[in-house]
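Got some structures for you, see below.
Below, chain A partners chain B and then partners chain C, in two separate complexes.
Now for the complex of A and B:
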């Protein structure tokens, strides 16, 4: 795999994405705090918390929301190991690399100067880097909790409740289904090419293989689109999209929604400038 | 280029959601007007294809790897309206299902990659491939150029969004509240990476796919080819050649706006009340008025009325932009965008008034 790095890493990437989707489906089926709530409450509630995170200007408030996210994760039986590997480490690495130069580049009061005075860390730089990392970690944790605890079909029905046009919801549903079909097809094509490869492929050959695989995948996508269209026609599809929505709000859902909105409003109020 | 939550302020996100909303509305309207039933599965499958394509790691010269967005091939095969919807749907699923890219920044990501990407790819492809036969070599070269330019245009927009954050949103101590780097750092940092890696990946994949379709299924390239006798998929019935020339002229004019800085003096009669206060202003007014005597104070009416309205971007130079040339270009882009939005709103209103029964 290391010899033909691009093909190998594409295979690993596709397999990992499929694996993540499987884990999400399993977590969404478990009993827990978020899973017990109406999907519309989950979407609206977690979105309001993400909004509160971005609106808060104080790191203490953002950290309090991060603690709330951990509490929700524990009560929803989401493994902290999943959050550590899928969210916290990845975000820390990505945002950390972006935030690091801000320590030196943000003008302000110096808290540390390297010998010779070449580099100067400012208190404003430290504050902005910490705020950025804390904010992104917390917001992505809330989004991941929504993704992990809500089956995709429920997210779609919840979106429909928020007046998203039915065509868009239908396209989201179909796309989600065909992402897995096409990802599996692509994975099989790369695997079959990998199994027939002896020795090291140079860059141009790997580029050619990747472009051809993408080309074949495109042809299969078009074929798939025609088949789906014919199947829809055979079922009498005439362009009118109907989506069933059997969600019912219970007392527990209203309590959950109120709690989410109150927590979000409190965070915005306490985190104002 | 997938901006996560927390990098952009809520007000920036709201503005970009509004911008993306306009694009989605117009794209959906055009799709509904053309081939509703066939377009739904086509766009869905193309969104899935773009999603999977983003996972393909492409080895690039120099030992690095990059991945394509898929926006160029989507634009070439299903047109810009279809591409806007397909890429937006792929980005939405990435954000909502895989947690890649934020929820509050979804509007920004769709605006940059789906809307700017599709429109720039379409304009560049049509301009470069102008009149070439479907199987001509110029077609895949045009796809490569379109992919490269579209990715860099999207990256530039993202960089501007990052770069305005510290100027507009900071606390009393000067601590930036969101993305911490100014335009001077954000633009080179984003653009260099995309000029060197991501733009190349998109260009290589787009060119490879167009070359593949030329050999295997050339009919798929006809929709946006602009050749006579070919059906435009989800395209407006407006004369394309005229519109293309108009777009090119507008783009050139926007790029040339900094030339205004080179011109000396001031436009006659466009003086402000402040110009009457200083000796420099007096000299300018006198020179341009054939040395007629200039009053020592500004006329009372001018003084009174000049304070009635304060322009949000005075002198075509947004306060947060240090470079006058960039300020001019940003002002031109903002002005053109505003005019287009108003024009579209009026067109939509008139169309609805003319045919109330034909609402989609």
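Now for the complex of A and C:
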């Protein structure tokens, strides 16, 4: 595969992935454990578990929370294939790169030494790297479950209920909606360039063109965001998100919230140093 | 005492980062009329619509709505802003700009919710509007996945749901195939009836007779002519000067000649 094609495939892949992200609205509409709870409970409950993950220092506790995340996913009818391909593998790749140096740099008992003794992996280093990867995997899984099982506008309204400033909430709303349009634009710009390119471009030319494309895309995104804001203003938007569904706490929601908060508190207590 | 005009622009100038878009434009638009703003690209049509919708304000001169001067200070008053947004609606040229909700239903419900209507009223109005616009089958679809014609219909539904007195349309038929163009014009005509004011910016002269009783020609940010569609469309010299028609070269037997060329309802008048 030529370099040109490789970049093209990547962009097409990005566009497809973003399309999938927006299709997740469909998951949010099907019946399930999380879907049955008030969006505010989902936001508060899952964030309390994320907090518990970050405050836990024992890998056994973090792994228990990871198992809880899988159980919640199954009961909420979220496909584990989605979590594997879109969350776990991606997080493993990126966090793995970050955690790698910890294997060698953390002082402790050596479990493996390279010939000549230049590098040595310590048991403490392995534990640190595993804890980091487990924490990130679990925290991202909880966050993904929230986004998959809750229509985005409900997440935004729930955030407003927790007094998050309207400006921040609107930034999230815009980002979610228009990241897809911008990715599609980037893909079209690349295809347009591809159609006018003969042969394989060398590395510096590729980088120069990519930098220019990024610059043009940034200008377009600023223009688009201004236009969108005007379109919202034109229809009466005054800075506060209004949606049709009125949130109402029922007995089930209180039970769910208590369970989430209790699980989070227990994890923090059991996971202390 | 007679009612003030629905819009009055007096000596309006507007600039985009020192690039003038409108230069001393003056215009009066009457209540209940259909008006087409025609002009070439860059003549100031879209800018004028934004000023009429109070999304921007003139750098010089004034724009008034029903006798009230539109100013940023005026729009800091929530009551006035909501009332104005309820009465005046704008459909943007690019529907992607206007469709930012997860489903068509949410999109059409966005405006009524901003107005503070009750849930029951919002649901009833949205369902009626979807029905009138013939898009009930798209109710739960994601707007970004629709075809160009469907997106335009949803964008139109998203403002018509408010039943505004004034509808501002920016190039409503741009990028639509002929059938979708015709359907969209029919929808606007059916909705309008006799009491609404519809102001359409376009450079498609072939739709002007269908959508307007009065035509305003813009050139380089100023009004250069107004009149009935027949008066304007028959003035070849004006249209050529305003870049709305092109010189058409063709052969009659062995003789080649050129003349201004207007596309109108699939028929060429030579």
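The rule is short, and it goes like this: the second predicted complex is superposed on the first by the 178 of 273 C-alpha atoms of A that agree within 3 Å, B and C clash if a C-alpha of one lies under 4 Å from a C-alpha of the other, contacts with A are read in each partner's own complex, and residues count from 1 in each chain.
Note that in this section a residue touches a chain if its C-beta (ideal position, glycine included) is under 8 Å from a C-beta of that chain, and two chains touch if they have at least 3 such contacts.
The structure displayed is predicted, hence computed values, not measured ones.
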Chain A contact check, chain B vs chain C, more residues touched by chain B
So, does A:200 touch the first partner chain B, the second partner chain C, both, or neither? neither
Applying the touch criterion given at the start, work out whether A:186 contacts chain B, chain C, both or neither, answering first, second, both or neither. first
Thinking of the overlay built on chain A, is A:80 touched by chain B (first), by chain C (second), by both, or by neither? neither
Counting only touches as set out at the top, which of chain B and chain C does A:211 meet: first, second, both, neither? first
Touching A:224, do we find chain B (first), chain C (second), both, or neither? both
After superposition on the shared chain, which partner residues are touched by A:234: those of chain B (first), chain C (second), both, or neither? second
Is A:100 contacted by the first partner chain B, the second partner chain C, both or neither? neither
Answer with first, second, both or neither: which of chain B and chain C does A:140 touch in the superposed model? first
Just checking: does A:167 make contact with chain B only, chain C only, both, or neither of them? Give me first, second, both or neither. first
For chain A, which residues lie in the overlap of the chain B contacts and the chain C contacts? 152, 174, 177-178, 181, 224, 228, 232-233, 237-238
Could you please specify the touching residues of chain A with respect to chain C in the complex? 22, 25, 151-153, 173-174, 177-178, 180-181, 224, 227-228, 230-238, 242-244, 246
Partner chain B, residues of chain A touching it in the complex: 5-7, 9-10, 13-14, 17, 20-21, 24, 47, 50-51, 53-55, 57, 86-87, 91, 94-95, 99, 101-102, 105-108, 123-125, 127-129, 131-132, 135-136, 138-140, 143-144, 146-147, 152, 155, 165, 167-168, 170-172, 174-179, 181-183, 186, 203, 206-208, 210-219, 221-222, 224-225, 228-229, 232-233, 237-239, 273
Listed in rising order, chain C residues that touch chain A in their complex are 50, 53, 55, 78, 81-82, 85-86, 89-90, 92, 94, 96-98, 100-103, 106, 109-111, 113-116, 119, 122-123, 142, 144, 158-159, 162
Mind pulling up the chain B residues that touch chain A in the complex? 4-10, 13, 24, 28, 31-32, 36-38, 40-49, 51-53, 55-61, 65, 73, 77, 85, 89-90, 92-93, 95-99, 102-104, 171-181, 185, 204-205, 207-209, 211-213, 216-217, 220
